[in-house]
Amino acid sequence: MNLNSNETAFEINLKPAVAKRTARIPVKCKQKNRFIPVFLGTVAVLTILSLWYLEIDWGKMASRIPDVGEVFWDLAHLDFANMDLVFSSLVETISIAVLSLLYSLILGIIFGMLAAKNVFRIPVLSVVTQSFFTFLRAVPTPVWVLLMLVCLGMGPEAGVAGLCVHTTAFFTKSFAQSFENIPDETIEALEATGANRLSIFTNAILPAALPQIVAWAGMRLETNFSECAILGMVGAGGIGYVISNSLQGYDYGTAGVAILLVFLVAYCIERIFVRIKKKFS
Amino acid sequence: MTKRIPLIARDLKQLYTVFLIVAIVLFAVCSYLTNFNVMTLIANGDAFWEFITEDFLPPALPKSSRIPGILSSVLVTLALAMSATTIAAILAFFVSLFGSEKVSPFPKAAKFVRGFATFLRNIPALVWAFILFSSLGIGTGVGFVALCITSFAFMVRAFVETMEDVSQDCVESLQAVGATFPQRVSQAILPSCLSGFLSWFLYCVEINIRASTIVGMVGGGGVGLTLFSYIKGFQYDIALSIILLIAVMVIVVDQVTGKLRKEILK
Amino acid sequence: MEPILKFDRVSKHYPNGVHALKEVSLEVTEGEFISVIGPSGSGKSTLLRAINRLIPISGGTVWLDGQTVSNQHGKGLREQRRKVGMIFQNYNLVYSLSVLQNVLHGRLGYMNGFQGVFGLYREKDKREALDLLKELGLEQFSYNRASDLSGGQKQRVGIARAIMQNPKLLLCDEPIASLDPSSAKTIMELLRDMTQKRNIACIVNLHQLDVALKYSTRIIGLSKGEIVFDGTPAQLNDEMIEKIYGTSRENLMIGGNDDDKADTADCA
């Protein structure tokens, strides 16, 4: 029902634009993007279908809303008794994020070089690398971490390795893009000097793409930290483990402290990154 | 000449050196703190390969009776992402109107609106999910709310930025004409920012497809939960086919949203 | 005298069906300063890039310094390329690097893999690069970023990079097309002086007929991929110009006949 009324509403909206002079005078310009109303309609329909499909028991959830308030109230009673545990796991989380970023930076440059179409000029190589990393990127990080947990055992190694998979895949794609943005003429000029392809890459393409690489890395640190914070919840160590463990053990005070710290660190990284971005532009 | 001729200016060289030293120190400190060592990882490479080649490959199909269930769990994940993003976008639109000093009828409150959004955004979706699980119990509804919270906060920020970029001048001019707040919104902000908003909306759908898989893993339902149960049950070859399924789902959604974004920004 | 460069019936077809070069034959000897003129799309750029195989040719043979270029690959090709310096219309420098680093790029062809990849230049090369920058009047900019320079200065860095290769032949692809008239004059004079001093043969693609007449020892006229004129500037009469450009001289913006007037840059 809802669906039909939506679509007719859009048709009516469209009419003034196409109507003849004799009718009302149109005020909108004629080359309006016809696609947007269709898009909005489809989104509305899909959303309604989705909500219907999910069969969420809204009544039950609404009845429990007071519990939510209670939990937040409990979380707000910060309990600093386990501070050393919270703090050490936070440091561990940050370390995992930084370490995976640094490793991925190096791997990303190497694979980005293989994936970019203008570095070695071997189309097969770049297509294969691109599609492999598209696959790796499409799978969410926690899945990789879970698999790493299985083969490397519990501990930060699994976290670093799992995060590296996704981060490297992300860097490969974005660095390859940055490398491909280097004008072909610049590369031609170095080709004309008789330099080999690897020298051209390190001497011309890499330095020219460096500012972009820095920007990508900054952006990724933000993501890596929040990814890292949730890894503990699927079984790896770090602050996420503390949060999920204390929530499940009804130790809301400690969980509150941990969540607050996660927020503060994420917020600081964001602010620093905004600063850096402003400097670059 | 005994002294080497430098290649770049001294101050630049100092900057690079500082950067390099910071990176190396960070690397060393973090390696020490986490006890992470590539060498041990490489030394354990055999076990790693064995795992990949024996447990993981080749991908195996689950029992045929399970397949419809798995496919419907993919649909749950997609539906979760879709509905959560739309609801969050609608809420974010109204809230973002109050988040920009230039547009809001209460400019003094704008800072608080943005601050609130920043707080919500900087706590990962999964943490929200866990907080809500402990009060609302495990279920798809909680996954929905958790996704809503983060994407709502993300879109408030994105929408405010879009509004401040795009419609500053026309809002001002309409204000000069004497238009009321709803008039300004419908005549200046919506027409000039709609395509920008929709582009952010699509981006958020992309993020939420991944996020809903993750939220699903800890109890939100959907394909994430299915995958989690296969991994916990040591059926890695079946898990691999589900991972492939997730990858296909994400890639298809990315392709579709990419196409749609091009159409919208035309 | 042995020719530095020899074209033997060289042709180039592009995949889209364009015949950029049709059986072109020519010889270049040491110390020549050749201008290649012709309308846009007549194959000037292709001719230049066929010499160092930036564009692979489809027929014929190119000899460079007694060796063929057309069948070379990998290391052999790179060794041939470093004998040929090249200067571009848009300078094509790496703008985030220092001027000195850009000049030293000219030595990359001589360095082995490891040194080249990490940019470990020899002190002798660095000294030579600094001397060269001094000669070109860019000494004080040696450690500036290449992006800080003006157009004319960037092109001078381009020349320095090409000369660093110790080339036997210098190719210039419309070196003054993006420059203002006074910088254009400086660049052309530098090109002439530096090539004469080092006895380097030089081939310049030009759109400015008056510049070609003033600086070259020999002019080659290209039209639709064929050489229609090859001779000294004195031999280039109105009839020949008409043959090259396909239209009479009155329809062309030739530039000032007065040699001192340097309004060369904006001419067709």
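Letters A, B and C mark the chains as written, and numbering starts fresh at 1 in each.
Here is the rule we go by: contacts are C-beta pairs under 8 Å (C-beta built on N, C-alpha and C of every residue); 3 or more make two chains touch, one makes a residue touch a chain.
Remember, predicted model here, so these are calculated numbers, not experimental data.
K.L.:
Look at all chain centres (mean of CA atoms) and spot the one farthest from the centre of chain A.
P.N.:
C
K.L.:
Kindly indicate the chain pair that has more C-beta pairs in contact than all others.
P.N.:
Result of the pairwise contact count: A-B comes out on top.
K.L.:
So, what's the distance in Å between the C-alpha centres of chain C and chain A?
P.N.:
47
K.L.:
Could you please state the distance in Å, as a whole number, between where the Cα atoms of chain B are centred and where those of chain C are centred?
P.N.:
The computed centroid separation for chain B versus chain C comes out at 51 Å.
K.L.:
Could you put a whole-Å number on the gap between the CA centroids of chain A and chain B?
P.N.:
Centres of chain A and chain B (C-alpha means) sit 4 Å apart.
K.L.:
Quick one: which residues in chain C touch 2 or more of the other chains?
P.N.:
97, 101, 119
K.L.:
Quick one: which bits of chain A touch chain B in the complex? Just the residue numbers, please.
P.N.:
33, 35-36, 39-40, 43-44, 46-47, 49-51, 53-58, 60-61, 64, 67-68, 70-72, 75, 91-92, 94-96, 98-99, 102-103, 134-135, 138-143, 146-147, 150-152, 155-157, 159-161, 226-227, 229-230, 233-234, 240, 243-244, 247-248, 250, 255, 259, 262-263, 266-267, 270
K.L.:
Within their complex, state which residues of chain A touch chain C.
P.N.:
For chain A paired with chain C, touching residues are 183, 185-186, 188-196, 198-200, 202-204, 207-208, 210-211.
K.L.:
Touching residues of chain C toward chain A in the complex: what are they?
P.N.:
52, 54, 78-86, 88, 90, 92-97, 101, 105-111, 113, 116-119, 158, 161-162, 165, 171
K.L.:
Note which residues of chain B are touching chain A in the complex, please.
P.N.:
Residues of chain B touching chain A: 23, 26-27, 29-31, 33-36, 38, 40-41, 44, 47-48, 51-52, 56, 75-76, 78-80, 82-83, 86-87, 118-119, 122-127, 130-137, 139-142, 144-145, 194-195, 198, 201, 210-211, 213-214, 217-218, 227-228, 231, 236, 239, 243, 246-248, 250-251, 254, 260, 263-264, 266.
K.L.:
How about chain B: which of its residues touch chain C in the complex?
P.N.:
Result: residues 1, 4-10, 12 of chain B touch chain C.
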